[in-house]
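The following blocks contain the structures, represented as structure tokens.
In what comes next, chain A is part of two complexes: it sits with chain B in the first one and with chain C in the second one.
Moving on, here comes the complex of A and B:
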């Protein structure tokens, strides 16, 4: 065990420490200066994220596993990369949502602060080495998200979505806590790295029961079927900028939750939890992709598409191998890039008094805004898994690992649902390009910086698709 | 020309030009058109040094380029040519030019996107034929669907959305299972190289499944009966250029896949299941031939005739097993495969030309119905001459290219079985029947109506493309030796691969 003897010893935790301070400072700045200079807080937040990246790169690099704080906290190259990605993804999310929130007069400093605390929760989860830390991370993230969903307090639909999420999430937290307490009681340790050694076949029924509760909680967070009921309502009900946040950055946390808890802590029970996850993954794939077909609301369609994609991520875990987890990691990162772009397009297509969330709002978008249409097309084809876009490699990786572990049935199911899924992504492209634009065109110029960000995002989908090597290698290395 | 990465140029020159045209935008289309034309002509010119330097005496891959691409999968950017891929690449480069010219004054909506889509597709299609790594192959194979999806969907006819989504999903469904098979092979072989798949020993059980997965992908593309139903829809709705590329090049990818993947990777399963392919091919030849006869839409008729002609390709490729079984030797087997290849090339020229002819009429009258025409020869003599030439080539008349391939395949079929040959030869009657009847109703007879009366004959642009195609059809029909020679060594090698066994003892 390594105890921090000096400030330098704390360096691996620089991201969390910095983020906690930054959130407090920005909150204070907003309280005292937010009224007078409403643009200050958002800009400061972006600056803070950039600074966070700099600090992380300068001080936070670790070459191996470093355990801190009496075993509560672990930092490894995987955590380092995930935190970098977290900073980056959040910056994009905030950038996209700025104009949208200003137009709807819900641009308040608290949103930025809540996003930062949510990110802190994600980081804590990413670096959790103890059941306690896991729980703290989950709750910090969840509490921030409740508030974020309900942020537009005059919006009844959003409030309902927040309430729904709150109640269901509380139940899931309860399940998580209950499962953890069972496991703790039967093994006598909270530390994930010690837990590994104490779980071995045959598992006692108590541990399996605890495991079942943990799996349920993980699946709830992911939005896996049959614990997905909250997801479409929340995605549709929340203001689009909040949906963007919700659908993107926390995916890192949910991935880490599954990774740290199931594959590190409960690795001894890998046979049991893969058996539990398999039917869930299959159901998730099928329900997500099939139900998405009948949606007429783009946000709701993307919600079901998220569920379908979560199915693929879970399939990566179902393999029960390190290579499979790395495929899931790759899928998660790629998916976040794509979903950021997709919701970014919705935000940029919307105007004051026009939400652009119905599919029909996208008819003939090419005529109104060629760049937006082109970006959306790339993103849709990518999410459908068509080369040369990056989504193809994500699906390929998962199917590869399923084959490598001889999951024939799962391979066929995964391949079939990709075809079903292609249909509703194609339908969006059809609306964008094949349909004539409606007579009246709501137009308003968006700030060019945001459009540039979106262009970069769409370009990333292509570049990562044509040259997928580096990111694939990175993911493989992180989980060797 | 030595030292230049010629094959890469063939792939990337059109793609990059396509992106450039897209960047020039609709406002820069006057320049964009010329840029497209120059790029497509240049692409064809870059084929010349390849043809010159190609060594016909070896089946090995030539002009090989290999750069590491995805280290994690041991997949390389690995391209090269042999006697199967080179002719198809030349055909691709050749057929893109008429498409570019044909759209010159006809496409008014979003012309920049139109040209960009065709150029990008040209590069992707050449990439499909040139890839020696199956992952790279699949990458191009799938990417190609996107421009075609857009071409049919944006510039197509009234039911274009239905047609293009059907086209996309059909082919996507087929290819996804090919991908599953490729990944299975990767897990066994450790890399995605096609050559290492061909060398990989596989049990009969494995081969059977892989064969069927491949077949699903390639049969949809060819298309073989009964998975052909997307093609008439796609053809009817696609704009002229889309139909040309679809018929001339895209269908060939199915045949190419059978020759490159199915036969060498799963030879034992091919031997076991060859009768299935032969049966499906003969059904396509005969049954679809009858279906073509009753069509009232010109494009649909040509589309069905394409399916029927492609039946010869699959028949020629698989008849080798019947020959081996019947005669005990592989003598004459290569002729079936060469016939299949020749048929693909000829069909590329002829069907492309026929779709261009329909396009010429459609641009003037805006109808594809046969009944809307009649007596076109009276007002468009030049056009009528050329259309009759292509129709005769489609019917397989000697001295046209259509005869060579069909004759070779029928000859090879005779070695296999009298009955195969008999059914295959029915096409000579059926093909003549539906094509000549089409010509009779459209071209000959008295002037049918006012529209036909007002028709103007071909302008210089149209005459140029159809004339060059007609010249190619004759040249190929009279003197097919260079092309058959080009693929000879590769085909001999392919036959030896196809009849070898890969089942581990």
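Moving on, here comes the complex of A and C:
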């Protein structure tokens, strides 16, 4: 039965409770006041995110593992940090996309509500301690994301992207459920912390089959090869503001999905799932980085770049050690910072009636908009893994951990695809600075607050790169 | 169907339950056949309704009254009505649908064969002494399935239950955001504006100079 809980006992779950209430309140405000004051809902949402951070810092801190809701929910310092990051990243994503959406008159209050419920789904995944909560978190996030992709309903390409993602994601959900039901049927528990104890060595074939389905679902969510087909089409087809959202904040959820399911729940099968993940990670690295070279569309190129980066995150899991997972955590956080900035630049370079999507649109951006070009240069250098930018440390940590666990072949592959990857990131920098701008391209007048946010974002890439210590220590401490 | 086989009940009730089971099962199988062989899609849909109702009756027999009620309410009451609605609204070209039928028939036969093999496997596993589930144990008198479900839903599973509610909310918001639109030339009446209207909004008194005949 349920342990009696007081209100104070629910404090570790403050972020989820608050977010559910906030989404409902903002929905109601938007229904009644949204048409008269269309700028109210976005501002209120940003305010709600700030309030969420405050509440989380005041009430949500935990020192160890706290299990709530009859074992379905777990909160630990890792969850706390990931939730803070979720609030912060979503605030940046909404800030960047605001002007873009207003110009294209797709700014409606439902977008903010759906973004908040997606964040709630992410938090549920971050704090999941049961296969049931994992599944509900995945669905809550996915359902919000489908609607967000198709949000511009007059845009046929976006609708196609949403449909593709919906159908494929439903198959992945089916695989996840099938794997979970096999594992549940053979172990008799849904709780991840009990699952660890019940997985006896050697594993039965049924458990391994279930594990395979779970790994497929996790890889689909990440967009790992060969389950990556949806990703470039969705990234290119969705309006850029939506692409910004779905490429950034949900990465936290996918990382948590892999972490909670594979390294917490199925830790007993670590040998089996590292064997399954290794070829997937290698293929992901190679396909992502090589195919990105031939792309002429920047959004599509960044989509393949995402696939390549997912390969690195998976390599962190392949090590099968806590230090490796902490490297993957570091990589995920750093990658989200970089991808937020990169898509932010695309948003700021676009204007009404013109989408700065093609690589050619960035020729000579330096002459037109030095700040934007400077930010993009820092972000591209960082994603390529050039020191002293933060992306370098992220790649280095993964390679270090691979070396420590004597995966020599993987070290060589990771290093060589980084070199291949550097080519297409640096090509963007060349376009920005050394090519002549095309004849007719007016400069965009963007609100200064958004430019400031982008500057902060680009600065973070540099500062975190020069002083990588604190964040590295934090990631190592969270996963000790 | 050897479930109710102990204390207080005699063999006649047992037999009655068995007769009921076979009666419902026959109707179920017959209507399921009807669903797939009927030429008219409306007949198929109606056959499916009969299927749902008879399976609800079978669930009642094993004491799952809540699920039985929900099956009738949700599937018959909501899903099938929607289904029929769509069938009647859309002009479905049956020839188009039937075209690929024989081409994929082997896939259907293969699936059916696998399912038959599985059922045979379960049935004959008794003979090898494998303990397959004998169905739920009989509940004590006064036991209410619905109460018990409510009890776990609001205590043990309160967290996922609330989250499922949020999931439904998201579905509603998404459906409205993606489909409801206000077109510029939309002719619907806005009742609140009609009620709030005043005479001076509608009638404007203008001083008109009398026209002089030249």
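Quick notes on this structure:
We adopt the following convention: the second predicted complex is superposed on the first by the 476 of 480 C-alpha atoms of A that agree within 3 Å, B and C clash if a C-alpha of one lies under 4 Å from a C-alpha of the other, contacts with A are read in each partner's own complex, and residues count from 1 in each chain.
Please note the rule applied: a contact is a pair of C-beta atoms (placed from the backbone, for glycine too) under 8 Å apart; a residue touches a chain by one contact, two chains touch by 3 or more.
Worth saying up front: this structure is predicted, and the values here are computed from it rather than measured.
Contacts of A:472 after superposition on the shared chain: chain B is touched, whereas chain C is not. Contacts of A:41 after superposition: neither chain B nor chain C is touched.
Of the two partner chains placed around the shared chain by superposition, chain C is the only one that A:114 touches, whereas chain B remains out of contact. In the superposition on chain A, contact of A:73 is made with chain C only, not with chain B.
In the superposition on chain A, A:133 makes contact with chain C only, not with chain B. After overlaying the two complexes on the shared chain, residue contacts for A:426 are found with chain B alone; chain C is out of touch. When the shared chain is aligned, chain B comes close enough to touch A:400, but chain C does not.
Chain A residues in contact with chain B (one complex) as well as with chain C (other complex) do not exist.
Put simply, chain B touches chain A in their complex at residues 68-73, 138-140, 142-143, 145-146, 149-150, 153-154, 160-161, 164-165, 168-169, 172-173, 176-177, 179-180, 183-184, 186-187.
Per the touch definition, chain A reaches chain C in the complex via residues 1-2, 20, 23-24, 27, 68-70, 72-73, 108, 110-111, 113-114, 117, 120, 124, 132-133, 136-137, 139-140, 143-144, 146-147, 150-151, 153. Of all residues in chain A, those touching chain B in their complex are 381, 386-388, 392, 396, 399-400, 403-404, 411-412, 415-416, 418-419, 422-423, 426-427, 429-430, 433-434, 467-469, 472-473, 476. Considering their complex, residues 155-160, 162-164, 166-167, 169-171, 173-174, 176-179, 181 of chain C touch chain A.
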